[in-house]
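Encoded as structure tokens, here's the structure I'll be asking about.
Here the chain labels run A, B and C in written order, and each chain numbers its own residues starting at 1.
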Amino acid sequence: MTFLKNTWYVAAWAEEVNAEAMLARTILNEGVILFRDAAGKAVAMRDRCPHRAAPLHMGSVKDGVVQCGYHGLQFDGKGACVFNPHGDGNIPANAKVKSYPVAERHDAVWIWMGEAGRADEALIPALDMARSASATVVRGYLNAPSHYELMTDNLLDLGHTAYLHPDSLGSEAIVHSTRQTRRDGDKVVYELWAPDGDAPPIAQMLVPALCAGRVDHWMVSTWHAPCLIHQVTGFAPAGANREGAEVMNGFHVLTPETDTTTHYFHALSRGFRLDDPQLDAIIDGGVTMAFANQDFPMVGAIQRQLSGPDVGDARPVVLSTDAGGVMARRVLQQKLAQEAETAPVSAPAQVQSVQFVARRD
Amino acid sequence: MTFLKNTWYVAAWAEEVNAEAMLARTILNEGVILFRDAAGKAVAMRDRCPHRAAPLHMGSVKDGVVQCGYHGLQFDGKGACVFNPHGDGNIPANAKVKSYPVAERHDAVWIWMGEAGRADEALIPALDMARSASATVVRGYLNAPSHYELMTDNLLDLGHTAYLHPDSLGSEAIVHSTRQTRRDGDKVVYELWAPDGDAPPIAQMLVPALCAGRVDHWMVSTWHAPCLIHQVTGFAPAGANREGAEVMNGFHVLTPETDTTTHYFHALSRGFRLDDPQLDAIIDGGVTMAFANQDFPMVGAIQRQLSGPDVGDARPVVLSTDAGGVMARRVLQQKLAQEAETAPVSAPAQVQSVQFVARRD
Amino acid sequence: MTFLKNTWYVAAWAEEVNAEAMLARTILNEGVILFRDAAGKAVAMRDRCPHRAAPLHMGSVKDGVVQCGYHGLQFDGKGACVFNPHGDGNIPANAKVKSYPVAERHDAVWIWMGEAGRADEALIPALDMARSASATVVRGYLNAPSHYELMTDNLLDLGHTAYLHPDSLGSEAIVHSTRQTRRDGDKVVYELWAPDGDAPPIAQMLVPALCAGRVDHWMVSTWHAPCLIHQVTGFAPAGANREGAEVMNGFHVLTPETDTTTHYFHALSRGFRLDDPQLDAIIDGGVTMAFANQDFPMVGAIQRQLSGPDVGDARPVVLSTDAGGVMARRVLQQKLAQEAETAPVSAPAQVQSVQFVARRD
């Protein structure tokens, strides 16, 4: 399976990356370690010693220098070997660990898995994920048991919430909602308008006063290729033309871990009830309930159905509610085709076995 | 691996299939759901929504209508989509779930996995598995960890009972028994005659008075292709020419689940001690002991040996005790060859990946 | 993956093999049973009945005769069928179990997996692994989660002890030690000299009086192809020219189990504190700590890195500390090439599926 390489992926939330310990995370099938160098800058490199392929995360990090746990080779934040305790101490020319461009923005650590020369920080989407004086953000990490595109389909199709999440996100009003999907350059925008109904259960907990009566409920999801969805959710008294609305900004950031699993970074930013830990806990619990306990088993089961012997009919039914996912897949196909065209000519990619009987430096 | 398709398989015992919940069971590598429609008739269909391949058993069933748990599409007992809650509510032409012919007979629900037009209920073997005023039946379900033919070999070879089941079914008399195997049309009949010996342990518990002295013990197993064995077991006082015999009818019904696992439906029907729950428990415990704890580990280990790197000698030794299994395999080969010849010309069967970027209905 | 076949491997410690029960062990991907015949001689044969491939270890052994647990066929210590309880009792010509040459030496049971005619006991290395009046031996068995060559590399590179085992085998003196590696015929000899330092933690427990002051510490490891390392470890007061030294003999015997796992037989023989069970326990605990808890996770992780999608750079860095492993791999390559040249012409090796519909003897 092919992933887009020349793009920024979220590798971690800022607070997951620190100077005292390495964070090991597989991204696009590559083992990566993340930590902070002596200046506090987040860095990323392959989780693999160039000597004997030991995972570097089994060693230690100190003052921005990683020491391999097997033989004590030391590497700086750029992956250069800075100490060899064996023999005459010479450092072999190929004693280098691959490092990756990293940028820290919106409280997230972004990684560029493709050609380093093309890693332009201006390509990181302008978002409002960070905490601020006027915004409280509840965020977290979950591991989703499917290819990330099955999760994109899920997130760009809010019609499913009425059926899979009736106890949190769904409502009868969503069943009868109006939905529109459009492409906006490389973005896909999905709008749902569910007027004059009972608010979904989660809203009753978030904005109870507002939900005492009937509400207008809307959601606008904007997909940024390859795998970030910004979702604005609003509630207002029914018929008030969005007067007195409460609005939240949700962020669903998917980073491919392997062909069959996905890192799922979620954040919900609100401008009301800023200092309310109980509300934070309700939001966090709702995410676990809806995503980990309902979406994940469903998309995991679908993935198993699609990859098993029982693949069945190759002509899936496509409904209006799928429009967002279909558009996003098309944009992605175009970007993948473009990347394939512009890829530098390289040596044959994959080597099946590594012989340790090799030249000796 | 190829399974015979145009034949009836037992999918469930009657009491396993009901109107309030779906029973999900994989049969011949296909995921199937079973439930009862509004009229109480058992129905079966693919466990797979034609929209996004969600397992339908993750949804709900009510009044004979299945609702997909992901997007709320509804299907009747024939697999026709009867409700689409999205967009204009039109039902796409290909929104159909494959359904299977089902028949309820002998307290079992039978399924036909092949061409529906050939599903003739008259082909269901005439058996006496059902409970009645004159017969108490102890029955159950186990999952066997092997291809079903390894279980057929086991069940048509009663010589193994003396070695693998000395504490229940086996006896010294079985070691010295006379055995005959013959083909009777498409059936295979195996007869064992163990005269003038001590009864096996299980018989001592079932018919203790009779087993106080030496007994004549016989078993007649009749195999019905592809995978049902009817086994008559009798005990009589030694030399009495079967006068005063107690006879039981055992049914061993195998339904392929996958290439490496088998549904095992077992039933033992008796005409004596009809209302004796303690005896029922003894029988049920004996089945667990002999089948689940002794046969299954053995056939599971054999399957692993045959599929592992250590496959070894391709010329297995065949003994007289294998005659039943060998004959049954020959009949099955003929039936499979016949089925391959008469199969309708169809489009290339299997598709490896399903693209959700498809036409939109 | 190819293993050297015409060589002796340790299959078990002598005390693991007895007359009352079979020891089942996979060696070079072949399932093997080991037991003692009526004369007390250790014997080995395939763990697989020639009738239906049942693992023989699921049966029983008595007076040197193995009885299959499925159908009661009996085999003597040479693998010849000596009893068939079925039909007329004739023994089919192909009712033979493959047996292996076995030799018992140095308290170990050695097996020859190649051509039986070439199994010369004189090829077993002359070692001092056995218990005696002047030597106490602590020995045991562990299962290592890697191909055996990754363990050979580990054992022939004592430079890693300072980093992976600082709490037992490693020391600052080892970091600064002198190491020399040389080939001696088919053997590889590795010498480490760590003078005038603090003794490693394990030595403090083994020879505390000696370790009160600074010590000279040396290790000489001799690799015998394909997979046995004899390691002499010595400690003496610093600068005493090895006067007053305490010396131990360690044996690390690797036998390939599968392509990805290894039997690891370890023994440490000492000539001091002979009757000291507490010391025995310290040694045994140290082995568990250093090997099972530190080496195994590391080599297991390396093996996963090398076989996963993330294989990365095919030009591993080789350091001076790897010289022993590199030399041993070269000797092994030569021996494998030699074996391939002299292998007898044989029928096509592997059969994928065994049909039980076969001729009947």
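The definition used in the following text is that a contact is a pair of C-beta atoms (placed from the backbone, for glycine too) under 8 Å apart; a residue touches a chain by one contact, two chains touch by 3 or more.
Because the structure is predicted, anything quoted here is derived from the model rather than measured.
Participant: Need the graph distance between subunit A and subunit C over the touch network, please.
Facilitator: Contact-graph shortest path, subunit A to subunit C, evaluates to 1.
Participant: Just send me the rotation angle from a CA overlay of subunit B on subunit C, rounded to the nearest 5 degrees.
Facilitator: 120
Participant: Would you mind working out whether subunit A and subunit B touch using mostly the same residue numbers, over half shared, or mostly different ones?
Facilitator: Both copies touch with mostly different residues.
Participant: Cα centroid separation between subunit A and subunit B, in whole Å?
Facilitator: One centre to the other, that is 46 Å.
Participant: Spell out the residues on subunit C that touch subunit A in their complex, using ranges where they run on.
Facilitator: Subunit C reaches subunit A through residues 149, 153, 157, 159-160, 162-164, 175, 297-298, 301-302, 305-307, 309-323, 325-326, 329-330, 333.
Participant: Which residues of subunit A touch subunit C in their complex?
Facilitator: 26, 29-31, 46, 48, 50-55, 58, 67-73, 84-88, 92, 94-95, 98, 350-354, 356-361
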